[in-house]
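Inspection log for the structure reproduced underneath, given as structure tokens.
Order of writing sets the chain letters: A, B, C and D. Residues in each chain are counted from 1.
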Amino acid sequence: MSKYSLKNGGLDWKRAERMVAGVDIGAVSSKAVILVDGQPYAFSQVLTRTPKESSLKVMNAVLAETGLTLENISYIVATGCGRGQVPFAHRKITEIACATAGAVHLWGPSVRTVLDAGGQSCRVIHCTERGRVTDFLWNDKCASGIGRSMETFAYLSKKEISEIGSISFQTETFPQLSDFCTVYAQSEALDLIRDNVPIEQVIAAFHQAMAKRISTLVGRLGLKKDFVIIGGLAKNQGIVNGIETFLKVSRLTTKTEWDPMLIVALGAALYADDFYKGVKSGVSTSNKDESIFSG
Amino acid sequence: EGYPKPDLIWTTHLCSQHSKWYQEVSRRLGGIPLYAIDMIGGGNAEKDSKIVNYVSNQIEEGIRWLERITGREFSDELFIKSARNEIKCLVLWGNICALNRNSPAPLDERRLIALFPPALVDRTTDEAVQLYEALLNEVKNMVKTGQTVAPNQRYRIVYFGIAHTYGHPEMARILRDAGAEIVASVYTFGTCGNFRGIVDGRWSWDPIDPEWVEELDLSTRRKAIIELSKIVLGWPTWQGVRSYWALEQMARAMITEYQADGLLLAPSRSCETDFRNGYVGLQRIFKGQIPTIEYDSDQVDVRKMDLPGAKRKTELFVKLMEAHKRRHAR
Amino acid sequence: MAGLDVGHVNTKSIIIRSEEILGFATVPSGLKAVSSAQEALKKALQASGVLSSELKMIGVTGFFRNMIQKQLNIKIAVPEEVAEAKGAVFLNRNSRTLISLGGNIQKALRYDQDGNLIDIIQNDKCADGLGIFYTSMAKAFGIDEHELSELALKSTKHLSVAIHCPASAESEAIDLICQGIDIPDVADAILRFIVERISAMCTTIPLEPEIVVAGGLAKSRALIKHLSLLLKHDLNVLSTPEYVGAIGAVISCGSEK
Amino acid sequence: MTEKVHNTIIQKFRSITKNPHEYAKNLKEDGQLLAGYMCTHVPEEILYAGGIIPVRIISSHVSQGMTRSYMHETYCSFSHDCAYQGLAHNYDFLDLIASSSSCIHMGEAFNVWVRFAGFQEKSFLIPYPHIIETKFAGLLMKESYEAFRQFLEKLLKRPILDEEIENSIKIYNHTRRLLKRLWEFLRYEDSPITGPEVSTVTLASQLMDKREFNQMLEQLIQSLEVKPYKGPSGVRLMVSGGACDDMGIFDLIENLDYRANLIFVDSCTATRYFWFEVPEGRPDKLQAIAEGYIRRIPCPAKDNVPGTGEKKRFRFIQQFIEEFKPDGIVFLYQRFCSPQPLDVVALKPILGKLGIPSTEFELDTTLPITQFRTKLEAFLEMIKGVSP
């Protein structure tokens, strides 16, 4: 499945001064964003089985509709766990730095804490008003795979992944599940079903447990205002609300036109734009010490 | 939050974790003076003069430290009286638990757990000693008259684990409905109770004669400290800390002396030593010999307890004992 | 007579007339055990060309058996271990040890010649949900359970992932993919994780031959190959392994009569 | 010429850490007695004095489930792996195993060897204090060493003489001085040897006969002193944590997308193993060994200054920070390890005051390399101030 959409068709890249791209090669899906003169122009998302095959697929997906070719793109930054296998990338930046770059670009300089809740891992990142990372915390192993467990739980309850978030709203009261890890929550959820607990309550309880687990992670690093949630789990309303209630802080409202899974790729594109401007004007603006980049 | 800030921290150190929490408390509350007595547990520690001296030396130094920190003079007379009371309570508790060897056992785990807090919290006063002397007589009377708090004792269970698990309503119901009663448990017996322990190479749960405590020579501070170190090092909970051998001996002796029909193991995920080390090994050793079931419990963080598994396995435990009884009845 | 095994993941139903299997059907439990039980029974009846009126007795077993017994007022509910032991003996007379690999729970049980329980062990909490994990990894690779096993058989490398639990194994399997390792080797590592956990459990009780294997996971040839290597025993996978529980339920009805 | 010498020696050390059994078996064939030890609080000098070569039992990083039916799941991955070594009979060539009562997790691994892997008769547990900074602890250590000496003398059927112990103290002190000189190289920007290489040599020292090790290390140091090595220096990272015998993560630190150098490792498989000396020439040899081991950098499971509850290791860490000037600290601890993470919680505020960023990694039998690479590179981006 590959999703594609043009951000603003008004821009005509033929008359543009510079075209850059950011590519986020994830384990489950890969995303690409093209900027024209610093403005988001087009993005694509492709489900991938392995990162090796996905960098070309996702790049072709975003180029196909626009009539652009790889040569038109003057600077490409790769990020995500498969960033090492992107042959056409000029430079690689980790998804931690890209997450804050994209978030600050979208929600403005007041952002201080970014929660990137993806399929496999959850990362809490503190940043400055310009999006520079000041501290970050990666989930420990017993808190891994929360996003993926949502998918498995949806499969078990024969529902759609996008559905279960809203189902968890349909009930106020629900029992408590162990929030220590996904394996415990899942096996206790099955136990609840046996004790005739209605399925909506079980789904709500599962969301509550996973939201609590993520909130404890955010709490460990500390939460500085303003707070945003990106990554696939931001689309799960049950998790987002659970996190907001546990942390007693509400996040900045989502930018409806931007899919939260694309923000890391947007960040990569912003880096590409910045590096390209630096290369053209001979002064690297983004980082002081050029020599550390062996890549 | 909510607790008054302590002036000093006085604790022991057994596992590789123990005093580390108090160090953290001391750090967070701005550096409270802390003295930890290092108890190297492990099979037969109370008969190893090296370890008894090591613990006694630390207690002696600790007393001087207390005098410095509190600026108060230490009263040997009070200390020696409380040491004798303490040893008396521990020995009495051992005697009370030993009465459960009778069939039907007068008390069960739930009552024992309800009765042992005074021994745990304050065993240095005369009232505590009188309480346990009275309790011992009462339970002896129950044995004479065949009274028991758990009349239906179809299965007698030996339990290795922290108190929390069977107290869970569902598990308790499954066991009670099947007439399965926990008659002996290393936690309830061994956290503040003493027994003969290792006697020429074998563990014995025989109680110590309370009279022995009266004849103990506690005439000086040093002597009281040494007897106190020995009695505390003799607690069953320490024995298995460094040696599977002592743990296995304790389990084997408990199963035979208390004529057990089943061995219930519930290692606690939050305890690293007394109530987790060696339990999985015990299951491997005893699985072939007596109905044995092991599941994960947790004495601190209920999220980590294996509730679904515990319910399933408790039901299986009862079935295993039933099948074992039927097979051996033929 | 009909046997119903309403498990954590799948509901299996089988129709037997005087020790002859007429037909069977499997339906995902989907966290709605009652409706899936009815559907499975309906499908099994269709498959065996029997009318529901002709059914003399229904026996139910599996994780949701009490719930189904109450709501579909079925007379006999049989605990899983009894049903599976009876089913195993029915399918293989001289079997003495059964390894049952279900969706959420794995167990190993020993029994005498008429299926009476001697000893049993179940997986601990961190090893819950191995079957569900197997299916979800197949889905992540965009294939089904059978293909996952075929792919694993083609693996050449001897890679391994964390064996604490499905969550850790999944995060390390996904990490292997990010390293550019191709799917067969990752599938093989996943299977080795599942088998290591199952064998660690089974070896706690003495395994008396003949050892038979039941449960949905037993349909994975690669998994059984690894398991027999690790247990150093040859394993005999019962025919229609996931219906062993349902068969046992039927047999228990028979003996009930 | 020195370039070749330098690499061949390191290559030899690396091969010993890669397959320690092969090296140990060769020693066995030359008629040497071998003792395996699991925790660095074992007084190797006494073993060596009796002509027994101490060999540290390290993990093989084989992902296996077997130990889950002998030891509880929630003991650290390192202790599970060490327990597996016994159950898999990889070390059956050992004549005895010795351990001290230190971390409970390693105690479990030792118990599994003794109860289930056939080392019932060939094992000795040294009662060892947890709170080391007291004179009573020294007394207990001396008495425990005495008991250990008698056990060995019964095994060897001959006494272990004082001068034999004095001789082995000298050899071990020589090893410790050499290792210290080797690690001092890493202080300088243009160090002729990299952090992972130094860690490999230190791990090899725990697997080898010290006499042979000292000769090889002396040769290596001479060749290093002559060899100017002007490599570009990157971000200086210091590692602190539990036992880590997986050189893979150290090699990863040195070949990321951004240049980084591993300049110090505070762990019991590295500097905590040798950063002390046993006083020589003392009349009471066992007392001398006890005094030496008291002055070690304490392991988190044994770090409690009586009276204040302060942690002595933190003073050492601050001293290493001043001497080696790291730009960032990487905490490595095994999954389910209990002593180390509790120290990390207390260390973070101290590092915060010193303005040194830190990050944590959970080690396991197998490592998720891409995730670790991303975390390390993000950590370097943070230190180098990469921003859009």
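The working rule: contacts are C-beta pairs under 8 Å (C-beta built on N, C-alpha and C of every residue); 3 or more make two chains touch, one makes a residue touch a chain.
No experiment lies behind these values; they were computed from the predicted model shown.
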(request) Return the chain whose centre of C-alpha atoms lies at maximal distance from the corresponding centre of chain D. (result) C
(message) So, comparing each chain's Cα centre against the centre of all protein Cα atoms, which one is closest?
(response) D
(message) For chain A versus chain B, what separation do you get between their C-alpha means, in angstrom?
(response) 51
(message) Rounded to a whole Å, what is the gap between the Cα centroids of chain A and chain C?
(response) 37
(message) How many angstrom lie between the centres of chain B and chain C, each centre taken as the mean Cα position?
(response) 41
(message) Quick check: what residues of chain C touch more than one other chain, meaning two or more?
(response) 124-126, 128, 162, 164, 168, 171, 175, 178, 204
(message) Among all residues of chain B, which ones touch two or more of the remaining chains?
(response) 284, 296, 308-309
(request) Could you list which residues of chain D touch at least two other chains? (result) 68-69, 73, 335, 364, 370-371
(message) Going by the touch rule set out above, what shape does the chain contact graph take here: line, ring, star, complete or other?
(response) complete
(request) Spell out the part of chain B that touches chain A in their complex, as residue ranges. (result) 301-305, 307-309, 311
(message) For a test of understanding, state which residues of chain A touch chain C in their complex under the given definition.
(response) 27-28, 49-52, 81-82, 85, 119-121, 141-142, 144-145, 148-149, 151-152, 155-158, 181-184, 186-187, 190, 193-194, 196, 199, 202
(message) Applying the document's contact rule, which stretches of chain C touch chain D when the two form their complex?
(response) 124, 126, 160-164, 168, 171-172, 175, 178-179, 192-193, 196-197, 199-201, 203-204
(message) For a test of understanding, state which residues of chain D touch chain B in their complex under the given definition.
(response) 68-75, 101-105, 107-108, 111-112, 114-116, 125, 127-131, 134, 136-137, 139-140, 143-144, 147, 300-302, 304, 306-311, 338-339, 342-343, 345-346
(message) Quick check on the complex: what are the chain B residues that touch chain D?
(response) 9, 13, 15-17, 19-24, 26-27, 31-36, 38, 40, 42, 48, 50-51, 53-54, 57-58, 61, 65, 241-245, 248, 267, 269, 272-273, 276-281, 284, 296
